[in-house]
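Order of writing sets the labels: A, B and C. Residues in every chain begin at 1.
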Amino acid sequence: MATTTSLDTSSITYGHTGPVLKLENVAIAYKVRGGEIEAVQNVSFEINRGESHGLVGESGCGKSTVAWAVVNFLGANGYVKRGSIRFLGRELTGRSGEDLRRLRGDQIAMVYQDPMQALNPSLRLGDQLKEVLTVHRGMADAEAARRSIEMLERVYMPDAADVMRRFPHQISGGQQQRVVIAMALLNNPALLIMDEPTTALDVTVEAAVLDLIADLRREFDTAIMYITHNLGVVARVCSKVGVMYAGEMVERGLVEQIFKRPQHPYTQGLMRCVPKLGADKASSMLYPIRGRVPPPHSRPIGCVFGPRCDYAQERCRMERPALRTMPNGVQVRCHFAEDIDPSQWQPHEDVELPTLREVVASEPILEVQHLKKYYEVSGSTIKDILGLRPKSYVKAVEDATFTVQKGRTLGVVGESGCGKSTLIKTIIGLEDSTDGKAEFMGFDITGNIASRDIKLIQELQMVFQNPDSTMNPSYTVGQQIGRPMVRFKTVPKKQVRDEVIKILQAMRLGETYYDRLPRQLSGGEKQRVGIARALASHPNLVLCDEPVSALDVSVQAAILNLLLDAQSKLGTTMVFIAHDLSVVRFFSDDVAVMYLGQIMEIGPAEAIYAPPYHPYTEALLSAVPIPDPTAAQKHIRLEGSVPSALNPPSGCRFHTRCPQRHFAPEGGAVCATQIPPWQETDNGHKIFCHIPLETLRTFDPVISHKEKD
Amino acid sequence: MTVAQPALGASKRPSRLRKLWDTLSVVLNSRIGTVGLAIVVFWVVIALLSLFWTPYPPNSSLFVQNLPPNLTNVLGTDHLGRDLASRLMQGTQVILLKTRLPGDTHVAIPGGVALWGVFGSLFLGAILGLNAGYRGGWWDQVIMQVLDALIAFPVIVLYLVIIAALGQGDLVVIFAITITGAPGVARLVRSLALDIKTRDYIRAAETRGESLAYIMYREILPNARGPLLVDAMLRVGYAIFAIGTLGFLGLGLPPPDPDWGNMVNEARRNIFLNQWAVIFPSLAIASLVVGLNLFADGLREEITRYQK
Amino acid sequence: MARFIIRSILSTIITMLLVSFALFFLLEVGSGDVTVKILGIESTPEQRASYRAQLGLDAPPLQRYFDWLIGNDFRAEKLVGYPLVSIKNQQTKEEEWWANVDGQLTRWQMQKGQLLALRRQPDGSRTKHMVSGGWQTAKNGQEFFWGVDTDNRAVKWVRGAGETVWVRTKAGFRKEGDGPRQYIPLRKGLLRGDAGQSLQTGRPVAVTLIPRVRNTLVLAGVAFLFIMPLALFFGIMAGINEGKPLDRVISILGLGATATPEFVSGIFLILIFGIWLRVLPAVALFTSADAIFSNPKLLALPVMTLALVELGYVSRMTRASMVEVMSAPYIRTAIIKGMPYRRVVFKHALRNALMAPITVIMLHVNWLVGGVVVVEAIFGYPGLGKYIYDSAIFGDPNAVEAAAMLTVTIAISTRLVGDLAYTFLNPRIRYS
């Protein structure tokens, strides 16, 4: 960045040398009907200038609550019950609303998870940016506009002056997040709170935003409080991290230390839940943490993690441990932190682990050739309404060709809008296909469900993404699992109940779940029911649409294990969609990478994750945040945003953003004009690219490990 | 409502009584809901009581005309010397408890005009709304266009038109309430269906190859019942409001049963002499409508809180 | 945006057509025999049939619908063979139909088997002439003549085969021979401003309607001007103070106001202001259609009654919308940006919060119009609502249809305005 910025830094109170933010024994409570709930207890930490402090934990652990408490935005019924929050040496709790208002947006700024929601839909972005300066600094409008544009350029926003005149819905999600970040930085705040700022973004966009945050941290000398559930993100942007569990901070220290040697059993458990990028199901195992996070009103008297801890002893049940500083400077809330050796750990007998069966390559069960799915779109001009212009189509899936062999799993990865969901909707028959061939067990499946035989419908079932919407809230678990059996008449009516209970037990839910309603279940349990319902009619092919992406990591591990177990027992074939490349790698035998409706690369999983790569796959892999600070990752970032599927680029659809295009023949000119060839390496690995295989083979692997010290 | 459960033999479900109690206890959690429920229950009890007992025969002129409230006639008498309290009590029946069929047979079916009218609009509106919302496309266009035409009528004008065309009578009023209420219900159900149909469990039903009817009536409709229940409560209020207005205009429920609106209308001619005969039936209508509104508000508050 | 606007306008037109269709069929086809109402139940079936034919009620319903909507003079013109014109009679102020026979305005009359032509002179008087030519011959050899009679109908006489008809005169019912065989009562149709004749008064509906509509627009307009600022103010105050005492008070008063029917609140207002306080006339006598202009005090109670119900409703809507917006994430953003509370409310919340009520308010204009009916009936206010009410009680189809169409037009056009306002307020539609 060559642009010089003239940012006002006077707002930081110089002369204060201590931490920017210091929390001591903070407890936050919410008043509810008939009492109050302490959502957060005993949280202490501090953040210094230029430091990026992560707060990680699963949902409901209280990490966002801490952030809201700092900005005093706990709602009408929340308040800081105990402890102190000091900002630049000044106590924040108990301050008047007006004092806090002056701090907010000026010295303390915040960035949120969903940028679209965070921006006012009916105000121009320029107005939303400028007011931060005009209100807090009394700056003139023209000056504020100039500064805002500078700041937008500073966060690498293209056409910054133009963006000022736009409304939020007119720019992409990644750009919206840049605007929110620019807004937060306008007054050069001493403290920047980021609450899952990249969770709603695609992996390549996320990578760019994370780069931006890392840059800003270096240049602005701001203290950052970074809240996330993603260990990989912490490893990438944070210097220190605090791990939260059930409203308490259980471990805190330098990121390198924590990742290298986690000392709290919970932190250790978290690390064992997450698949490493490149690990597969044959060579590694995911170990979910048994049990559930206790709700705030029924936390144990002793250690909050005690009931789920493999090392728990009598003392853990009776006495709540304090946060202790260990010899390496890491603070741990565990009585026995010194005695625990993670390398000696054995999974508890309650932990569900799949038994895997070697799948031998067999006959193909699903064969798809040149499948296309176009959606007609109606334009919004007068000409379009009158039908004067040719109809335009969104080319959601273009020319998909692949086969899935019986008993194997095909993983499909790609960013949002790449057509992976449309692809499986077409296969399962929720959509007609536009063109091409698709056969399942020898039957044509190009038509939608209405044109299919009930026996065929029974063989194809689906597992859905969102646990909160996968079950009909009006029916019990038993009714919903039993419905496919009744519908497909796979089980005589009288035996439905027994059969449902059998499946429930296979899902490790037990008979007591039969009469429960969905609202009485946790997210993971709902997802298990969703899987049970899909498997109830004993289908040959199960399509999984991001079945674990809405779940916390420990639950995710359990669900993945469950799916693997079911697959090996029933011999089910699966198509597995996910945006998380580690999960897909772990779960799948074969992987297809999609971009803008087009399969770019397909082949055995291990071949996809190692050179030769398709340039897009390479970019995806280098964007994934990996939970290992010692790993070195190639730095490849894609320019611009995904083009519209209404009018995809000619030739290779990726050519407008391809970072390796210059390796292609004619310096890449052919990429824009000709459709690339399918280049096959060996054992079915195919790459859709103009760059010769020999060149692609010379690329380094994306991830390499630094020498361990 | 057509909420049926899938045929599953031995499953033990919480009894209906238990479910009713659950719903009620939800309302009792809200102060305004409790007040509303109390008012509604008061009038229902009055209605049931009036079936067996009223202080005096409601249609006989036994007393001096235009008496203020006194010990004999707790609410006074009207311009014909009839007991106001008895007439008010009897007036609840046609609204809440019975619908008189046409002809001289004096046959009545259970369920008041307001209730049947609201049931009619719920039934018709739910069917239209589900088809418009779930099927979309041309179904949606056509249904919504027709409903738009109905909504375009000022409600009272539509009542007047229907009564001008079909004459007076309990069934005509029910028909009018159905027709005027159905578009609103349909819009509500449509918007709910549009939301619910994006849920994964609807995808699951579709991937099982379930019929359109199954998806609409078994998968979507049961999940719309909370908002529909709230809407129904409000609609009963509107219906009572409308019946009162029609009665006031002299177009409402035919005699012999007293009609609150008509009582106000008759009494206002003597308003200089006797204000009580105007005030009491007015208060009766307003209180019942307010009660239903409060009840609905409480229900809605609790249902949304529940969902959070 | 073009798409949105075109859609709104198209949909409005279709809606109006559907409404007219529904109205016409409900009232003309769905209701009973109007001739019973006009001629009385003692009339004979024969008399009724003859009268029905004279009113053109024997034509197929669909044709009557189009006659009513777009008129039938062009259809009659083809039969008569001359252009038909309608001119105002200077004495009665009513429109009269004449055939323009080569520049000479003409009507016809049958007297004792002899066809007479009445020619209109420039001074308005008419001269009688014998007619011999102009008869046409049908395939079966019958001779017939299409002309305009003196009752504004295109009629078909058949030579030597006069129908026996019952003619309604001021004196009573009279039997006449030589009557026409077929009648087409001439009308321009609703779309061209001719709503037909009122059964009740025998005068054109349009003539009576115009001052009525004006009065109603005054009443509704004044009420609207009172309601909107007040309701928005109360709604916003309640919305930003959600759960606080001010909100409770406004909400409960608003609920009370909406739940009280107009006739109840109207009578209470009469009681309070007219009988107990005696500051306003308790019984307003509208001596003429223009009374409200000479004595505006007469407007006070009707406007107050109308305002009360709507005030409650609109303020509740605004409150709900405000509460929803105030809990939106972008309001959270504004607060955490350190914006002063007033700025959060006025700059960030208000615009978004007003979007929903504007469409609802405009949708709600038909409630206002509905309320007008009741209010006008209570106060005897000579407006459109009272007109519909009276016509509905009498069962006067032309009057009810025209007046109902007018109310629907008012309601729909305000809704269209609301839709367009929403389009301009909401940048997500404006810039898409």
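Everything that follows uses one rule, which is that a residue touches a chain if its C-beta (ideal position, glycine included) is under 8 Å from a C-beta of that chain, and two chains touch if they have at least 3 such contacts.
Note that the structure is a prediction, hence the values are computed from the model and not measured.
Undergrad: If I rank B-C and A-C by number of C-beta contact pairs, which comes first?
TA: Top pair by contacting C-beta pairs is B-C.
Undergrad: Find me the chain with the mean Cα position closest to the mean of all the protein Cα atoms on display.
TA: Taking the mean of all protein C-alpha atoms as reference, the closest chain is B.
Undergrad: So how far apart, in whole Å, are chain A and chain B when each is placed at the average of its C-alpha atoms?
TA: Inter-chain centre distance comes to 48 Å.
Undergrad: Taking the mean of the CA coordinates per chain, how far is chain B from chain C in Å?
TA: So the centre of chain B lies 29 Å away from the centre of chain C.
Undergrad: Counting only Cα atoms for the centres, state how far chain A is from chain C in Å.
TA: Between these chains, centre-to-centre, one finds 60 Å.
Undergrad: Give the residues of chain B touching no fewer than two other chains, as numbers and ranges.
TA: In chain B, no residue touches two or more other chains.
Undergrad: Chain B touches which residues of chain A in the complex?
TA: 33, 428-430, 449-450, 452, 454, 457, 460-462, 464-466, 469-476, 478-480, 482-484, 486-488, 493-494, 496-497, 514-515, 530, 533-534, 537
Undergrad: For chain C, which residues count as touching chain B in their complex?
TA: My answer: residues 11, 14-16, 18-19, 22-23, 26-27, 30-31, 255-256, 258-264, 267-268, 270-271, 275, 282, 363, 366-374, 377, 388-389, 391-393, 395, 397, 400, 404, 407-408, 411-412, 415.
Undergrad: Taking the touch rule as given, give the residues of chain C at its contact with chain A in the complex, in rising order.
TA: It is residues 1-4, 6, 243, 328-330, 332-340, 343, 347-348, 351-352, 355, 425-428, 431-432 of chain C that touch chain A.
Undergrad: Spell out the residues on chain B that touch chain C in their complex, using ranges where they run on.
TA: Going by the criterion above, the answer is residues 145-146, 148-157, 160-166, 237, 241, 244-245, 248-251, 261, 264-265, 268, 271-272, 275, 278, 282, 285-286, 289-290, 293-294, 297.
Undergrad: Where on chain A is chain C touching in the complex?
TA: Per the stated touch rule, the residues are 71, 73, 76, 101-106, 109-110, 112, 114, 117-123, 131-132, 135-136, 167, 169-170, 180, 183, 379-382, 384-385.
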